[in-house]
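The first chain written gets the first letter, and so on, giving A, B, C and D; residue counts start at 1 in each chain.
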Amino acid sequence: MLEQLKQEVYEANMLLPKHGLVTFTWGNVSGIDRESGLFVIKPSGVDYDKLTAEDMVVMDLDGNRVEGKYNPSSDTETHLELYKAFPEMGGIVHTHSPWATSWAQAGRGIPCYGTTHADYMYGEIPCVRNLTKEEIDEAYEKNTGLLIVEHFKDTEYMAMPAVLCKNHGPFTWGKDAHEAVHNAVVLEEVAKMAARCEMINPDVKPAPQELQDKHYYRKHGKDAYYGQG
Amino acid sequence: MLEQLKQEVYEANMLLPKHGLVTFTWGNVSGIDRESGLFVIKPSGVDYDKLTAEDMVVMDLDGNRVEGKYNPSSDTETHLELYKAFPEMGGIVHTHSPWATSWAQAGRGIPCYGTTHADYMYGEIPCVRNLTKEEIDEAYEKNTGLLIVEHFKDTEYMAMPAVLCKNHGPFTWGKDAHEAVHNAVVLEEVAKMAARCEMINPDVKPAPQELQDKHYYRKHGKDAYYGQG
Amino acid sequence: MLEQLKQEVYEANMLLPKHGLVTFTWGNVSGIDRESGLFVIKPSGVDYDKLTAEDMVVMDLDGNRVEGKYNPSSDTETHLELYKAFPEMGGIVHTHSPWATSWAQAGRGIPCYGTTHADYMYGEIPCVRNLTKEEIDEAYEKNTGLLIVEHFKDTEYMAMPAVLCKNHGPFTWGKDAHEAVHNAVVLEEVAKMAARCEMINPDVKPAPQELQDKHYYRKHGKDAYYGQG
Amino acid sequence: MLEQLKQEVYEANMLLPKHGLVTFTWGNVSGIDRESGLFVIKPSGVDYDKLTAEDMVVMDLDGNRVEGKYNPSSDTETHLELYKAFPEMGGIVHTHSPWATSWAQAGRGIPCYGTTHADYMYGEIPCVRNLTKEEIDEAYEKNTGLLIVEHFKDTEYMAMPAVLCKNHGPFTWGKDAHEAVHNAVVLEEVAKMAARCEMINPDVKPAPQELQDKHYYRKHGKDAYYGQG
């Protein structure tokens, strides 16, 4: 069932340790097959060096496990809410990558200080609030998803494929699992450079809007001219 | 004698350089066999790339070397006092891992700024005071152990499996040697992210108590649902 | 056509990931053959681990692609303007290397705090201004080149083989592609140490001029005595 | 001639890139044979990955090249003055290792904040002043050596086997070339942790003297009990 997607999601998961984004099992990647409405996600707490494509868990959008011998990632309900709300998302990543998580812990969005950021993400990377005690007690992972949905609904969410959850860490997404991981790597680089940039110049201001526009639209949209497209 | 434990403690020691926690010989791991009351510890000052399982030293809880051709780690008396006071400890680690040691040198406990920390350690990671000159002169390593015992007695010490010794460095523990190393890795990640988090937002506050509770109890205790347990 | 130069430029490009200067495709190296007036540059958006010498694109100084199946780097027009203005440049590099980019994002030139810097670059590494909206809209990459030309014209540009573009990142150059990469590595090291140096001593001043002179001229010019020359 | 020493000095040089202390050729190690009064040093500007034991240069203490096809390191005169003044030095290292160099650029000595430092180096690691223009013009490398000699004469220089030269970088030494490299690694770790420690607590004070004494004398002198000695 969904063998190709399982392979893709498995490979996308394995890119997390390759890019230094995870310690132990602190991350998970999923990918969705929009036709069947099923998504594939990493099992919970399984070591990356023991993971196989067959270990991937297949879920439906009602939260039922359709296939797989393992429990799905404990963050599955968050992924599910995002897939339900945002039809263009094809893959989702959650990590505790150190620089992005440091910003999340600091409770700050990441201003766009340069073209590395603007090449992939349009504007400030938002940091959403803590859940209330009631929201945590009721359904922590689901409400984390709904909070992100609340923030991004009615926005061009594919132009800002990343969010920080306060005191927690980042989620990123993309048109598929691989692109979601790509954006997780970008986020970590951008988070690192933004922190250092503020260290070098505490009064730094975001990059001019016209520069942000230029770089974003050089790589995205109908007039893009970066790459071989 | 205790061949399996020696192998386990040896492997746990070898994880320290693998995870980048030690330079040269600056670290040691021990594990205890509660039935016999004997513990196994790394020999003092032996290079990791020359270490074998056979080099491990077997000690009793009176501080006698029961087996082994080498002197045990110079920190053996500290391990011993912890094993005597805390029956649930099955393994102990000492390192000079850079970020945790920087906090120890700074003389500050590590506030819980996020879920990475709360997933493993409940509350602020404490930094215990310097020993007095008298305590150092009398029995430095033993008194280091007694100071940690003083701090953790009558607490749920397995819910805070780490301590910083001021101007020195960290000790961590777990139900066995492997888990103690796991916690040493967590501590280093948490110490790194907490320092960067304060750099990004000097006014940062600890994570809300309800979020700390949620993450700690998601992974620990009778209602845990993380992983495949 | 220009097989040797293509091989050289290919190898110089491959040094960028080797030295940790690029994430994904965020960098490009070119080299020029002054006799024919043709230069060779990395194709746009091609992964480093798939790159071959044959993929290199040959351009003339009017911006025409002379050979190659791929589009050239999106920064080609910047390289071109530099080659036209500065006859001693034989190779040019652009990266988003993290420390240099952090300074560029901070909008600050890098003061010469020590001999590591002075050994290769004479004086403060400049940070040129943002382009205006008009300059961006008209011809972004070309005007980036012209802005650098404006800054360095009538200077000894081979004695300061690096520049930071505000909110963007660095360009470096050298007598050939390999030396340009060498200078990109130096720049990243120097940028890292300058930021840390200011962290350690916020009131730090640049190195004395006589020390800068000594180190620069120990390695460059007619009285150089470093190395085996 | 001195084949064993050349091999030792070669191997010690190769440890510099292994431990991440050098970029390109920015470092050199020497070792002396006190009986013959000859010392062996790395050639100037030769890449580490092309270096062989045979490339090492043999010098006498008058600064004459006794054997070797290459020019000796440009810092040879500094090594020579140290060997002449300090009979217990058997090996000397110079690097531009990033954290130690950042402190040197900042013009500050490194306070002893903890036991990692105290285990190897007794007290604050000194930062010596800039040379004057006259001293630079007259004999830069030799006067760098004489300045270090001036600072350490009449001290127990083997108990503080490191110095920072302002706006330049560190020198370390030991009883042989290998121990000098060992101390260069220690210095870099200590420099890193001291900078981070000040970031975490700007009001931090050095470790208590009794703790510094305990750790230094636990590893050195007649009552040492660390290791297998």
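Simple rule for what comes next: a residue touches a chain if its C-beta (ideal position, glycine included) is under 8 Å from a C-beta of that chain, and two chains touch if they have at least 3 such contacts.
Just so we're on the same page, UniProt names per chain: A, B, C, D = L-ribulose-5-phosphate 4-epimerase.
These numbers were taken from a predicted model, which means no experiment stands behind them.
Residue numbering at the subunit A/subunit B interface overlaps only partly, since under half of the positions present are found in both copies.
For the pair subunit C and subunit D, the CA-based superposition corresponds to a rotation of 90 degrees in steps of 5. Of all chains, B has its CA centroid at the greatest distance from the CA centroid of subunit C.
Subunit B and subunit D have Cα centroids lying 33 Å from one another. The distance from the centre of subunit B to the centre of subunit C, each centre being the mean of the chain's C-alpha atoms, comes to 46 Å.
In subunit A, the residues touching two or more other chains are 198-199.
Chain-to-chain contact here is organised cyclically: the chains close a single ring, every chain touching exactly two others.
By the touch rule above, subunit B contacts subunit A in their complex via residues 113-116, 182, 185-186, 189, 192-194, 196-201, 204, 207-208, 210-211, 214, 218, 225-228.
Looking at the complex, you find that subunit A touches subunit B at residues 23-24, 26, 43-46, 70-71, 74, 96, 98-99, 101-108, 130-133, 136-137, 140, 167-169, 195, 198-199.
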